[in-house]
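In the two complexes that follow, chain A is the common piece, with chain B as its partner first and chain C second.
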Partner chain A sequence: MLNIEIQKTLQGSIGTMELDVKLSIQEHDFVAISGASGSGKTTLLRILAGLEEAQGEIEVGGEIWLSKKTALAPQKRGLGFVFQDYALFANMSVEENLLFAAKDKTLAKHLLQITELEELAHRLPNTLSGGQKQRVSLCRAFMRRPKVLLMDEPLSALDPLMRTKLQHDILTLHKEFGTTTIMVSHDPSEIYRLANRVIELHQGKIIQDASPKEVLLKTQGSQKFSLTGELLEILKTDVIYIAIVAIGQQIVEVVIDEEEVLRFEVGERVQVSTKAFSPSLSKI
Partner chain B sequence: MNEILAKVTAIESCDNLSVLALHANGHNMRLMALGLNFPLKVGSEVLLGVKSSNISLATSIQAEISISNQLSCSIESLEMGALLCSVRLRFGNVLLRSVITKASALSMQLQERDPLIALIKASDLSIIKIIDETKR
Partner chain C sequence: MSELDFAPFLLSFKLAGITTFILFLIALPVSWWLSQTRCKCKPFVEAVVSLPIVLPPSVLGFYILYALSYNSPIGAFFDETFGIKLVFNFTGLVIASCFYSFPFMVQPLQSGFETLNKNMLEASYIAGKSKFQTLAFVALPNIKPALITALIITFAHTVGEFGVVLMVGGSIEGETKVASVAIYEFVEIMDYTNAHIYSAIMLALSFIVLLGVYLFNLHHNKRIGVA
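Moving on, here comes the complex of A and B:
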């Protein structure tokens, strides 16, 4: 069990902001922390890692990491940290990077096997792809068999295919090592695949704490296929009306009734919803 | 979106899937939905929604058909376009709209005040909102 109760005043882009988080996390949980940039996600992770100071208490499995009297050094916290930018030692081979964290050749071999990196053990980081580097960084984080794994947007720099591969590796290692994992992420598919709980921060406070499906699934009544967009135009065709709506980078058309035309104004934000039974999927 | 006020008379669920039995204007209705994660119970009043293009029309039904919702209506008005026909239907105290092809409207010889059966599949019917008893 992780018990976190911390406060810290941060200098944000819109003035000062109070990071004020009270949170309990069960052992072996996989928690995603989401929220807009500047909401305090990364700072929270760095405070947990001991890389930043804060007021309050952090207790992990009966061990005090932070209190009024003590602040346990980062290397004594028994945690692993995976950064967005890999943070590997450029002058050390893949294997040496792992052994630098802990001198356990058997474990290093095992981790490289799981992540299919065995053949790259003697390569230097700058000869690897982004996905390979991040897998090395993930393996290194597990070398000390961490009780707690912290990841700060670990997959945001990778292409979709490599993300899927790494999501699989992360989940395999999380389960095998029985780690409690806390990951900062913006990506809904990543959160849905990996996490069993999502904490959403807004200006330093928790505004949502629920399962990924509860947080991510936008619904409108019983309509489970719901997207937000901007109404661009309403056209009359024959006896029907067609609303043109911009959603993300795309434009969609929705047939509406005469009565509905009067209810909407071009330029306003609208929700496009239909039942989960109606849309169909096809390969691109 | 057409709106129909209805009362929930039964709820059957299997995993994430639910089928609701409803009652509206003297008609039994059925609705199919995924994950009804809002507080719905037998006796709840709900506002149902259905798109005009999802309402089919029949002058009479001889055979057994799988469409769960068969509502007796009468034609209030007809608007004939170049290709499509928009039919205003009276269903008890509510007006519904069905958009069908002009060819269908012509072959059915639809006229104002004709009695008709409006057909809606259970999966095309959605819940717009639950009418909160305390706010009525």
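Moving on, here comes the complex of A and C:
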């Protein structure tokens, strides 16, 4: 059980912001933290790791990590941390990176086996691809058999295929080691696949705390299907108007009537949804 | 032309070697602290560290001479307690050189440490390693070019010093008469042949040393993938 109650004043791009988070996390949970950039996600993670100071209390499984009197050093928290930029020790081989964290050759071999990195054990980090580096970083984080694993947007620099592979690795290790995992992520599919709880931060405060399904499925009422996108342009053809909307990497057309045209402005965030018809799914 | 006397060169290298070793031990914690600290006093410490670069060697030499001579409390203390004289001998030269070359050791190390990925150091802390272990096993091995630059530039700079050495050490044969002082004396007595030979040797050595540093850095950067 993790009990977190922290406050810290942050200097953001829009002036000062108060990070004020009160949170309890069950053991073995996989929690995703989302929110716009500058909402305090990374700072929260760094405070948990002991890399940044804060007011308040952190208690993990009966152990006090932070209180008014004490702040446990990051060395003594026994947690795992996966950085967005991998942060591998450039002077050490893959295997040495793992053994530096803990001198346990059997565990190192086992972790490299799970993540299919055995062949690369003696390579230096700069000769690896991004996905391989992040898998090494993941293995390194598990070398001390952490009770708590923190990950700061671990997959955001990787291509979609590599993400899927790493999501699988993360889930496997999370289950095998029984860790309590907290991951900062922006990617809805990643959150949906991995987490059992989502916490959304806005300007340093928790604005949502629920299951991924409740947070991510953005359909309301009788809507069957709904996507958010950006309105790029409204075109008039004969008697109808066509709105061009960018949804993720896709551009779609939606027919709208004359009265609706006045309600929208180009550049706005809009929701595209259907009610009467079910969308169908086919392979590509 | 008399037979070439290599004693001044050997003395220069001995002085540079000892100075480099001592400065490495002193500059390592200082440069590490400077690279990591957020203390408001950092600019003051940096300014003090860099003083020998801009001060005329005669000013530095004068203060060191003044501080270490028998008339000063420090000089008197060493003389009375340990029987060690600190000026006009080799010990005095080492002390003076340590002041004179200090920034040349601190600055490359500090900028090397500052370019390190902070997350890499933090990953080491999270892996349970102390600051000292992180410095020794993660930070230092990852700033090899800066480390080599610091060691060699400090060595070369000490070999090349003149003003401070002359003021604090004078020119005692085999004790404080280093190569740069020897050249000065050759010129004074108009022995241009030996002045030429000594100067050419210094020029060639300095060039080879610097070329070595730059070649090493080029090779190293290629190997670890830094453009």
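In this section, the second predicted complex is superposed on the first by the 237 of 284 C-alpha atoms of A that agree within 3 Å, B and C clash if a C-alpha of one lies under 4 Å from a C-alpha of the other, contacts with A are read in each partner's own complex, and residues count from 1 in each chain.
Here is the rule we go by: contacts are C-beta pairs under 8 Å (C-beta built on N, C-alpha and C of every residue); 3 or more make two chains touch, one makes a residue touch a chain.
Every value quoted in this text rests on a predicted model; they were computed, and no experiment measured them.
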{"item": "Partner chain(s) touched by A:L262 [first = chain B, second = chain C, both, neither]", "value": "neither"}
{"item": "First, second, both or neither for A:I14, with chain B first and chain C second", "value": "neither"}
{"item": "Partner chain(s) touched by A:L161 [first = chain B, second = chain C, both, neither]", "value": "neither"}
{"item": "Chain B or chain C, by number of chain A residues touched", "value": "C"}
{"item": "Touched partner set for A:K275, first chain B, second chain C, both or neither", "value": "first"}
{"item": "Which superposed partner A:D238 touches (first chain B, second chain C, both, neither)", "value": "first"}
{"item": "Touched partner set for A:I284, first chain B, second chain C, both or neither", "value": "neither"}
{"item": "Touching residues (chain side chain C, partner chain A) in the complex", "value": "117, 119-120, 122-130, 137-138, 141-142, 224-225"}
{"item": "Residues on chain B engaged by chain A in the complex (per definition of touch)", "value": "1-2, 31-38, 49, 51-53, 79-86, 97, 99, 123-124, 126-129"}
{"item": "For the chain A and chain C complex, residues of the former touching the latter", "value": "49, 51, 73-81, 83, 85, 87-91, 100-102, 124, 126, 137, 140, 143-144"}
{"item": "Of chain A, residues touching chain B in the complex", "value": "214, 219-224, 238-240, 255-260, 275-278"}
